[in-house]
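In the two complexes that follow, chain A is the common piece, with chain B as its partner first and chain C second.
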Partner chain A sequence: MVRHIQLTPLSFLGIGIATLLTFPLLYVAYSAFTGDLSQAGNLWNTRLPELVTNTISLAIGVSIATLTLGVSTAWLITRYQFWGRAFWDWGFVLPLAIPSFVLAYVYTYLLDRGGPVEQSWQWLAGADVHLPSPYSFTGALVVMTLNTFPYVYLLARAAFQNFNLSFEEAAQAMGATRWETFFRVSLPLIRPALVASMFLVVLYVVSDFGAVSLLRFQTFTYAIYQQITGRFDYQSAALLSLLLVTFALVFLFAERWFRQQSRFYQTSGRVRTATPKPCSMGQNLAITLSFLMIFVAAFGLPVFLLIQWTLTAWTNGEVGSSFWTYIGNSVVLSATAATAALALGTPLAYLASRFPSKLHIACLQGAYIGYVLPGPVAALALLMLFTDVIPFLYGTVFVLILAYLIHYLPAGLQAMESALQQVNPNLEEAARNLGSKGFRTFFQITFPLVRKGFSAAWLLMFLLCIKELPATLLLRPIGFDTLAVRVWLEASEELYQLAAPPALLIVILSIPAVFLLSKKNWQAG
Partner chain B sequence: MTCGYQSDVPTVRSLTLHLQAGNILCLLGPSGCGKTTTLRAIAGFEKLSAGEIHLQGEVLASTSVHLPPEQRRVGMIFQEYALFPHMNVENNVAFGLYHWKASDRQARVQAMLDLVGLQGLEHRFPHELSGGQQQRVAIARALAPKPLMLLLDEPFSNLDPDMTIKMRKELYRVLRQTQTTAILVTHDHEEAFAMADQVAVMQNGVLVQCDTPETIYQQPSCSFVAEFIGQANTIPGIIQNGKIETEIGTIPNQSDFESQSRVLVMVRPDDIQFTPSESGPGRIESRQFQGSQTLYSIRLKSGQLIHCCMKPIPVYNIETSVIVHVTTSHTILFPQPALS
Partner chain C sequence: MGLLTLEPIHLPKSSAAETVVVYSGRAERLIKPVLDHFEKTTGTSVQLLTAGSTELVNRLRAEKTRTPADVFITNEAGALELARNLNLLQPITLPGIKTIIPEAFRAPDNSWIGLSGRMWVIVYNTNMVDPSHIHSLLDLATPSWKGKLAIPTANSEYLQAGASMVLAAKGKQTSNNFLQGIRDNADNEVYGKNRQIVDAVAKGKVSVGIVNHYYIFRHLAKDPQAPIAPLITDQEEGGMGSIMNVAGIGLTAHAKHVSAANQLIEFLMSPTGQEMFAHTNKEYPVNPSVKADPAVPPASSFRASTIPLTRLAELREPIIQEIQRLGLR
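Up next is the complex of A and B:
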């Protein structure tokens, strides 16, 4: 007797949601290859080599830089006792509160020709010395590194905290020096965490639009945006999008594969963790100085400038009533999107965790497609779908919310899944055993128990939506500006003071999400 | 009934059980033998791939019918109790009384808490209770909606040994007092013997024997049952001249096995004694003091190991040579499996 696949009404709901979330991408793939492909050949010859080189070199550069920065800070913080260690422990997570486009706009001011950094450098090294322009590879590298190294820091810190000290002691007992131990034992053992953080960073870099667009550095996302807005060439944009998504998918599978290959098992039983070693005066000074530099560059200085500009703008009366409209737009839009995401994500996560049939897992995986879908690509997908198929909805808030859903449901879905998995299915079975139907069981037993996790998921998605830039730029109804869009528009015109109030507000709003992230269990594997 | 997680490899095969109303049945067997799956099938959490389940004349499940768990009126106590962590004791117990009138509900909750001796703890939350108290709540909660039958999945596995014995008595009292029909899953034969009117022994998804505890102990149907419900020696022998010749002596034959057939004789450790002797064929290999008695393991010349229980005094040292006597006239025989 075959154990038949159970297709409940809930299953159909799950299939429907998964289709809604994946269909736009499929439509892009379809339309990329239908129609006139001569444009594509042109694109292939002219722009592609530059885009590929730029995107890949930026990804590699940022990876190396963030690894160095993230691992060394995590190592020092987990292993040594120095001044202000408790502060640095969470202080290095704060840079995540600054969206890439805000950091980029601050750095275009700082690094510009004749800007404050170059001036002070010339004061030190002579008037003829010039620094590289921010509108370059170097600019993008600096901004993206400062923006993403906390991911490496978080994962490496978790790995070092759960690290079994016995391995290092064994190495040292066999005569290895401290450096040898670090490079031959400690680092290889946390490799899964490093690979996972690399994955996060690379995905972040290749899908970032805000920073590269303000720094005018030609990567795939920026080129896709230009094809859409500048040339109205949707087909080329679709081809570029497909290439980018393919790259992300290959990378995703490579990471999965690697993670399976390198499953290191910490010896079972008691794990001996390190007690931080005290530092000498000199070491204290050196660590404090270098940490301060990183922190000022990644968080302190940008926030200081934003506050200063905001105050100036405020006293000059440049913060008008339209500012409050933007706040309202952002909040209402993001709250609606986050609530919708929660409503759509719940059946998917529930089905996959309670009835893990192939179909249900496939629905869940489908919802995760947004994970490898950069903002401009998600926007393009909806743009093409709605202009071609349902034109009367195009240019409405509905399309924008759908873009947010596709793009950010994966982030919330992870939190929702783990919350649901923490509820022992026995509890639901006990409820049903006591005569309670499925609906009542969910609302009286399951939901109260996952409320915390679901609230966190909602908050995370809400704040990601507040920060969303490319899809909002491309899909917003005419005259409907959000905080993020205002920052970008003003910053593109180099109107630093006007961009500051919305930017500062986004940073302040993002801080709770950052703490949620830092509390999350960052163990890889 | 037959059921399982994969269609081609049923976890439970062709199991047939009958249980009188008011009786307690224990499903006994090693872990992985399908006891819990059987229980979950009765509760409605697993579907049957063949067979039927009836309760008081109603079909709960068959190949075409699958009554959802909430409609079965079968109570269940889970291994980890599954108390709702966000509800206090009172609300946990009242959960199944959703459709009752408020006054009835309150009275029933009080009655149940009285029954299990938890008066005064109504407003505690599960994490504020000890293991034994949690179990009492689980019992009260399961019995509150007056189920037609109660299922218990290894109810004592989360308690320490002292508490287990106390709760076993307590549960027995409650089940008898409420005249509840119950099926209890366990891997502990002592638990099964203490609680059950009937014991059903399972092995690899198949029911091996279902009888009263006494019959199971005295007349196990096969060597698996014999060994599972207590240390049993199974000694190979041959029937000759109406008696069984074994390495430890000649034993009277009470079975109808034919002459010359090879058999396994089951002898309980309590029925074997030894005396030290220089020329004895056995040698004490290990000794385990158990308080009121001492369990010796004796290696015979053929390599066969047998266990026997002796009074704790005198103490015999390891390596002592001994002669073994069987002191019972009452033995169980099984056919000896063909040597491969």
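Up next is the complex of A and C:
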């Protein structure tokens, strides 16, 4: 069916929303190249080589480490029957509930010189042995790996579950050993899932602010934040931001391209999936021990410490009445932003799925720009725009909410899009034929059908906003500290106990969203 | 009874409506108790925004006349002077200022005043170093200290201010040699926190470090047996003196609550305020009538640098460029 496309009032609304979401970035691009460009050359000579090396080596290091952890755990869980398998199945998703800055702050305590890990290590290996400082590449690598390997795990697990066993059997019938089969048949077959998870992990590493700032590891995103807060010209920050966004965009297109190329790998016909093989006593022990270590490092120990510190802070009376204010601020801000995101995202998703003209799809794609915009960059965009062009709104909650919208609408938009696509347009058509007007059709027919998907989108965006750190630090109005800001401020001062209550609360609030994530169909490609 | 209800029972209520908005670059743990005390005793409510000093200057600059901030507190005079140069501050007209605050510790037009002094000094391990061999901070840049020195990261505002003072006192060649020397000598012993430097010296991992003085006393308060001591250098006739910076407060150019702001500034200059502000962190009160915490060497026992703190502002950008060019970490 070919639709005759007209520019309806709804189209103009879509254009308006897309402009609102993309204009700040365009303004950054504009400012980066206006004015004195001598700073750029300076930046090129001094900071850039280090930032590029650090950012890329961290991205590669974390990719390799998360692939190893994520794929091996997923493989064991889908293929073998061992103790507590049902628990590990969802247990390895739990680390996603810990924001990177919380994990980083716990690890600065654990790995610091003279900290508990070094002490126990010295007890084993002698007093002169020192561990690498957490404020280093190693520290950032450990924290980011533990924080992001669940993404790889989720995608690899889904791929292994939907995997046609016949290929492996064929390989083994031809005389391939088990290792050969794994590396030459199984792994290549789940390549789309691996690429998709690498994409997620790299984007996460490159745009992370919380962990690298507490571990003081100079990446692009951290350098941009420092440039905004420690220097007096925004232009250098704008230039760095532009470079980072370009890099992320290239990466995004590369991933899209690869995904299209790899459709070839999908299997058709009857799929036989594996039945988990039972394990021997020794195998059971080895798996349990190694899984326990990973779980303790990524979730168990941090949460245990947070609980312990919270109890200490509580009994010392250090959890004051202001704590409730921070909870209130976080909840009100995030709920407003998530609701606004739903309101702005609906027209975009609706237009793109019901009237997929080039214009409408472009509007939708525009909204996805926030996907490649790290928090400090989004904040910088709004800082520049609002101080130069709309100064009376600067320093108000409005700007902060806009930053959340730009940054997190993409995450919700995906869920909203797929919910809308699942509604048969014939139902809407029928309602219209019976004389129902556009808005009424949407609220009486479409909305009830997408309610579940939209609720999930709302919850996801709400929780992302609760965890948001850099934009909140830069744009919060006075007296509007959020839980995340408190964790960061106290952790920067190494006041571990004071940072714990808000951190623990964020973790607890995040657990529902994590379960939502783990249930999602993660099949890639 | 009838009369009572008609009469204003809570007299301080009218002043309780007063508010002062504080932008602060000082750690909340150090400033909050002081502000809480002020709030309790005067009934004036305080709203606090904590962030980086330079970040707050940027914020003041962006907000122009609409800024909600009445006063700006920092840990370092450079940021205050930068704010003054950008016309973000206005002169404080309290009568006591000239008599209470020594001239070296306030802006020429009194738009900011120092509240407490913090010295950038050497910390040494008493088992490993004979202090009589170190006369100047600059000595730490000589090759004999290779692998024995710990320094703060390039982002440290104290390193930037300290190097600026060397630059102002001794010129560019000397300050560059100093920066290069400590970079090579420290190598990997570069720390984000002063506390960690003091720790490394106490454990004997390195024998000397450069830190703000109060970190040494904070460590000694926790562990009195620790083999560490401060070393105040450059005391010889004509030498540059020890490097002293101040934490201070400025009145913003577009303050909406000037009288409440003045009330707060007056409190912070008063003996009670000075004691609370400085002693919570073992810093030197600028009000000469208030003695420093007995744990630290008395202010009369050493000579501080005479370079005006106002120069920190103009030297800030050049020194950051130089620190970056030389590749300090």
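Annotations for the structure displayed:
Note that in this section the second predicted complex is superposed on the first by the 516 of 525 C-alpha atoms of A that agree within 3 Å, B and C clash if a C-alpha of one lies under 4 Å from a C-alpha of the other, contacts with A are read in each partner's own complex, and residues count from 1 in each chain.
Criterion: contacts are C-beta pairs under 8 Å (C-beta built on N, C-alpha and C of every residue); 3 or more make two chains touch, one makes a residue touch a chain.
For clarity, every value in this text was computed on a predicted model and none was experimentally measured.
Room for both chain B and chain C is found when the two structures are superposed via chain A, with no clash between them.
In the superposed model, A:Glu493 lies in contact with chain C only, and not with chain B.
Look at A:Thr312: by the touch rule set out above, it reaches neither chain B nor chain C. Once the two complexes are overlaid on the shared chain, A:Gly230 sits against chain C while remaining clear of chain B. Contact comparison for chain A: of chain B and chain C, C touches the greater number of residues. Look at A:Gly395: by the touch rule set out above, it reaches chain C but stays clear of chain B. In the overlay built on the shared chain, the residue A:Gln119 is in contact with neither chain B nor chain C.
Between chain B and chain C, the smallest C-alpha to C-alpha distance in the superposed model amounts to 50 Å. Residues 5-7, 43-45, 47, 49-50, 63, 68-71, 73-76, 78-80, 82, 84-86, 95-96, 98-99, 141-142, 144-145 of chain B touch chain A in their complex.
For chain A in complex with chain C, the touching residues are 42, 46-47, 112-114, 135, 216, 226, 228-232, 383, 387, 391-392, 394-395, 473-474, 476, 478-479, 489, 493-495. Of all residues in chain A, those touching chain B in their complex are 1-3, 424, 426-427, 429-437, 440, 444-445, 448-449.
Residues of chain C that touch chain A in their complex: 21, 27-29, 47-52, 54-55, 57-59, 62-64, 66-69, 82, 153, 155, 191-193, 195-196, 199-200, 203, 205, 317, 320-321, 324-325.
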